[in-house]
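Quick one: the structure is below, questions incoming.
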């Protein structure tokens, strides 16, 4: 399954806004003072840590928007594993454009690569099982599309993208409805035929209730490994099973071994440290 | 120095966009199916970890924009230290509005509180010195104003906000200009009288050159503790001194002890994990 | 299943833009010339035809944005059937605000009511069967959320809202993939666990291929009534069945009688005539 | 009078927004899963019904914004009459771009062509008279410029574009002013020298009052054919005469025969069914 | 003819953008450092020069957007003549909100009052004639609606608001068409029935040609007083006459005495100096 | 110090909005009626007065946005002195694009050139001294970046760009703080290390207080020439000195002779008349 780039129509506005945020009202006063208009530069975008690269299209857009004469030539593709020091892209052209767009392009690439790298580490830890690593809605505001893309770049899969593309019945919904079955019933009567329904269950009793009425997926929240195993047996393929709750790199393989289909981790998008990526000036 | 809230004019558009991002085209289909229009809820926003809170104004705006009838009552103020379990705010009103704005409000608060908490830990580590912790331009795209605010909430100070409000001469600028002194000279001739100039120096020779021509601040990048001490002595109060480069909680006090004025840390805004904050439904 | 209003956050920007489009650069010059600032009016929004009302929230927003002193009091709720002459709402307050927002508010209400009314007629025609009427992506540009809402107001259901919330494999996709099964396989490998997959089939052979590999829903495009009946039998509850293709009010009951789950009709959103709704000035 | 295209500056934002509306947060997941990046396609945009084409520029923009490598070659020009099956344009290039922009481009073209076709039918029905078919402000929100353009493409003419480019005194304005003459007087004193004034009259008495004080145009609303004839005689060329009110294809020639200058029809823009236009994949 | 306020829908976005422009990324750092949150202030907006006030609604919006607790109480209305020192409005409430919105509110009021004052001086100079002072399209980018409003506040009238609400045939249009009559003919065949046509003529021969074919208004550009007098006689009430070209306060009465209907002056909007208006802090 | 162009990212949105403002809903109806699509034109942008040119990049963008086929070839560069009649640029290509963008491009160029020209006159008047001419925040709303650029084009320097990039303590701030020293103390404790602080002083006593605590710059407001001289002596190079208050071309050299570093003039941006620049059609 090759990685599909996000449409330019969706990501260009983000990059444009980020550049304008950085330029402020007067632009890059340091660079303007120092670099003559005709000063050229050749630079290398390089990883300073081991990880997985993501976000090169956004970097390309950043340099192009700052100055169409800057040439951004990716050496790797999003999703590629990099060793420390690996060249990611060559960036050549007017020094002013390169210097002024450098920070914004790196802010995108290092953040998305950080998410991709964290995802890849988790994915590797469970690769001997059928379990897949998925993200959540705990994303950075306004960055959901690109952060979910970074999860895919790291070999993970995406949970729903928002409140409207799938139904996820949480504990509070269950409380309001007065039970798991009634909650599922209400949602089923409400949503269109192309909307899947997932329900969060905290106990095996709730799981049984959910399976009784039928549901597309169950979120097994904060269950013990024993309960996860029992849950998988109870489900017996009748629903997709997703485990969640304080998943670490150490615990992930144990959870995966219980037979669940998915392990969801909010940490991927809300707390993954960046991958250190820099721009080295050759000339 | 009390913490100053950001103007609503600057932050409301961010919150509005984040809510629209989450609502998508059809809105919160799960909640709409389950919670009747007249269903009320009382909830508590609570910290699940020790740390420093920031971003409550954004949470308040999120709930208000989703439904003006939701009442958000902060119990603490931004900048307050919290213990695990501490109540941060009470959120009451129509269940639909609360449920639909919950994730976005928490995404803002947990991210900003994560930055504030990391800053506070660093600030505490150097509190016996005169050194202050400052952030960088390595912020999340479109979040610079609020992430820099979170640094202030944690007791840190802000570096420049963009490319235009101060001049920061980096190594590549020096290379293009052909030397530290020439770079400073060019910038000084270019910028207005209310623009400060800082120059990055990698060696004590460069520092001497900078001090010779005069500059507002020097960024001592990746220097050894010995060199930092020598640099502080050389500067002798003629410029603000800032140390940077792979600063950890352990190293920070040692750097601070060299006598530098500022320690800048990109990690605060690009890699601080969130502070876990949740919304508990009481009724 | 009560009708759920769209979030104000999603619809207010549309109404605001529509008012600005009508006001142009100089505003309502006729009304400004004629009606003094303190001139009050009492008006009745009334249906001039039989049908189903939808869009009253947008009308309310239009009057409020033009002048917060205008009071819009709905007498009916969206989804209500109206007879010719039926009072829909009372609109009272400053004459200027009412006159200037009249056309925009009616443009929204009459268009959405037209869609709701057409949907209701179709829904009534198949109400003795289990078939539901659904809309398509053939909506007016920028109006998708509110037009799909109008379909719900008329008693119909919604197909997917865009290219991203469900997978719909069409004939051209099948051609590129080289077959129905391969197309389903590729999509299944690509999308997240909460994304449903529907495939368009033109023949019973294609249907068999789709059922063989398994799919959430099948779109039976332009099939004869006989083929539809056979298709329903073949499917046997293993997938949701949707019939489409030149569905009229006369044909719909016949299609519904074949046992399909859904009948999709692009006409609802791209060609339904408006419901004539006007504003009568009482004083 | 050749048809003048709308400036790209005015229409590109509409197309861009429509594409973003359809792409949502994740883009065209079906196409991305199935069509490889290097898959090319050749397609034909063809009319499936008799009518008049309009909106090809918007289709061209849609494909270009989705992927600049897609080549849109119009075979006909806006305003051309088409027979069922007529080729309208050739669209070639990357299959992904074509598939992802197909629905939005067709939504624009089929809607505008529907308006143009309806206008052309009406215009043909009165072509033996001097009467011209004109539209109203009963347009789809946010689509006024392009819908009025479609009316021109169909051989009709445009009424005012908004509340600010001409004064149209309606019955409620007359009621507030206390009479037709006083209403005209107030408007004349208020507006600039390049603003025309039209007044709606329901009776011949009102018409006489309007002609007495003088006005640029009179809107003869819902008058009988006899009254229209009398009105035209009374006016005697001193004002432009416009007839309105429930005009059908059958009635239009009778109205035109009364000698009025203009026949205005809200139906053209609020209720004209689309012209069925599709995209056929050749390879 | 009382002055009609511009709709809030049209002007609030301008004020909002202006405040955001001034606040930048960090807000009003001086005021935040100095004024405690609970510090209140009472201020007087006062004219420092003789003139005519315009733009108070924009000032009110600026203070409200910055802090809804600020109370803006106009003492005068737009269009009022002021003596030096005259109180224009009282502004009371939180000192922070007042200080932070002060400059933006004054920038709007002083600029619009400058235009109104210049217009009033010109209008007074020709008040003994029937001539009216009108503005042009030589306005500040993005400010056209409010600058044209300021002209009305000063007692002037408005020319067309843009390229689309009236036809103005200029010398280059005449050159392309090959003559005044042919230009008018082309425009008349092109535009709707509510669009007026004005033609610029540089000679009496051109005027004769224009009058021969008929036109709504003639722009007599840079003609001598003698030629203007002859032109007015030739026109004999068959068209509106407008004189333009380097009109000063001294020349205006002489031009008005020739009998022209309108005198248009670009200077009103592109070069009128501001009216000095300040905010005085009482407490 | 060569003039640095503003980034396209910052100025293109302004030009785009200005064109849309002028085009309205229907576009340039006069030009569309008269000039055939294939009509070409060659024009010369020429100064009609002596002055300094600024804003050519904005004109280039205006023509390009209207029609990419229009070629804008600058003959001079921003900052160049022009004599009356001097050719500024050649504009060639489709007549429609040139005619439709003409007014907006001239509105930008003439306004910015007016500011540059006024600045240049002032700068020349003090060129024998070390004093520099600077602008203020009294700019046209939404035009601050480009108006400050125009000041630089005229040989002036820029004061702060907004409320956030430097601290300027004004009389009201001093009043709230209870004194000049306390105000400076509060700001110093509040702002980051790259923020300069300037304080307005009305008396030599206040100046002494400011110098006592130390500050980056002092604004000597409305002081007599004698007091300015004394102030300069008192300051003795310890702070930047700025004089302000009703500065005219006549008074400027006298103020400059007192030895102040800067003379700030709000008039440059709020009241400078435009430089008359026109577009002459050659063919």
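Residue numbering begins at 1 within each chain, and the chains themselves are lettered A, B, C, D, E and F in the order written.
Throughout what follows, contacts are C-beta pairs under 8 Å (C-beta built on N, C-alpha and C of every residue); 3 or more make two chains touch, one makes a residue touch a chain.
Note that this is a predicted model, so its numbers are computed, not measured.
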Review point. Looking at the contacts, which chains touch subunit A and subunit D alike?
Key: B, C, E, F
Point to revise | Selected pair, greater C-beta contact count between C-E and C-F | key: C-E
Review point. If every chain is reduced to the average of its C-alpha atoms, which one ends up farthest from subunit A?
Key: E
Study note, to complete from the structure: Computed over C-alpha atoms, the centroid farthest from that of subunit D is that of chain B
Review point. For subunit D and subunit E, what's the span in angstrom between their mean Cα positions?
Key: 33
Review point. Using the average of all C-alpha atoms in each chain as its centre, how far is it in Å between subunit A and subunit B?
Key: 22
Point to revise | Inter-chain centre distance, subunit B versus subunit C - centres from mean C-alpha coordinates, in Å | key: 44
Study note, to complete from the structure: Among subunit F residues, those touching two or more other chains are 4, 21, 23-28, 32-33, 100, 144, 158, 161-162, 164-165, 168, 189-190, 195
Check your understanding: Hey, how would you classify the chain contact layout here, line, ring, star, complete or other?
Key -> complete
**Study point:** subunit D residues touching subunit F - in the complex, by the definition given at the top
**Key:** 2, 4, 6-7, 9-10, 144-145, 148, 158, 161-162, 165
Check your understanding: Mind pulling up the subunit C residues that touch subunit F in the complex?
Key -> 21, 24-25
Check your understanding: Can you name the residues of subunit A that touch subunit F in the complex?
Key -> 16, 19-20, 23-28, 32-33, 37, 65-66, 100
Review point. Which residues, counting only subunit D, touch subunit E once they are in their complex?
Key: 1, 4, 134, 157-161, 164-166, 168, 189-190, 192-196, 198, 216-217, 240, 242, 261-262
Revision key, fill the gap. Seen from subunit E, its contact residues with subunit F in the complex are 14-15, 17-18, 21-35, 39, 41, 95, 99-100, 103-104, 106-108, 110-111, 114, 137-144, 161-165, 167-173, 175-177, 183, 186-187, 189-191, 195, 267, 270-271, 273-274, 281
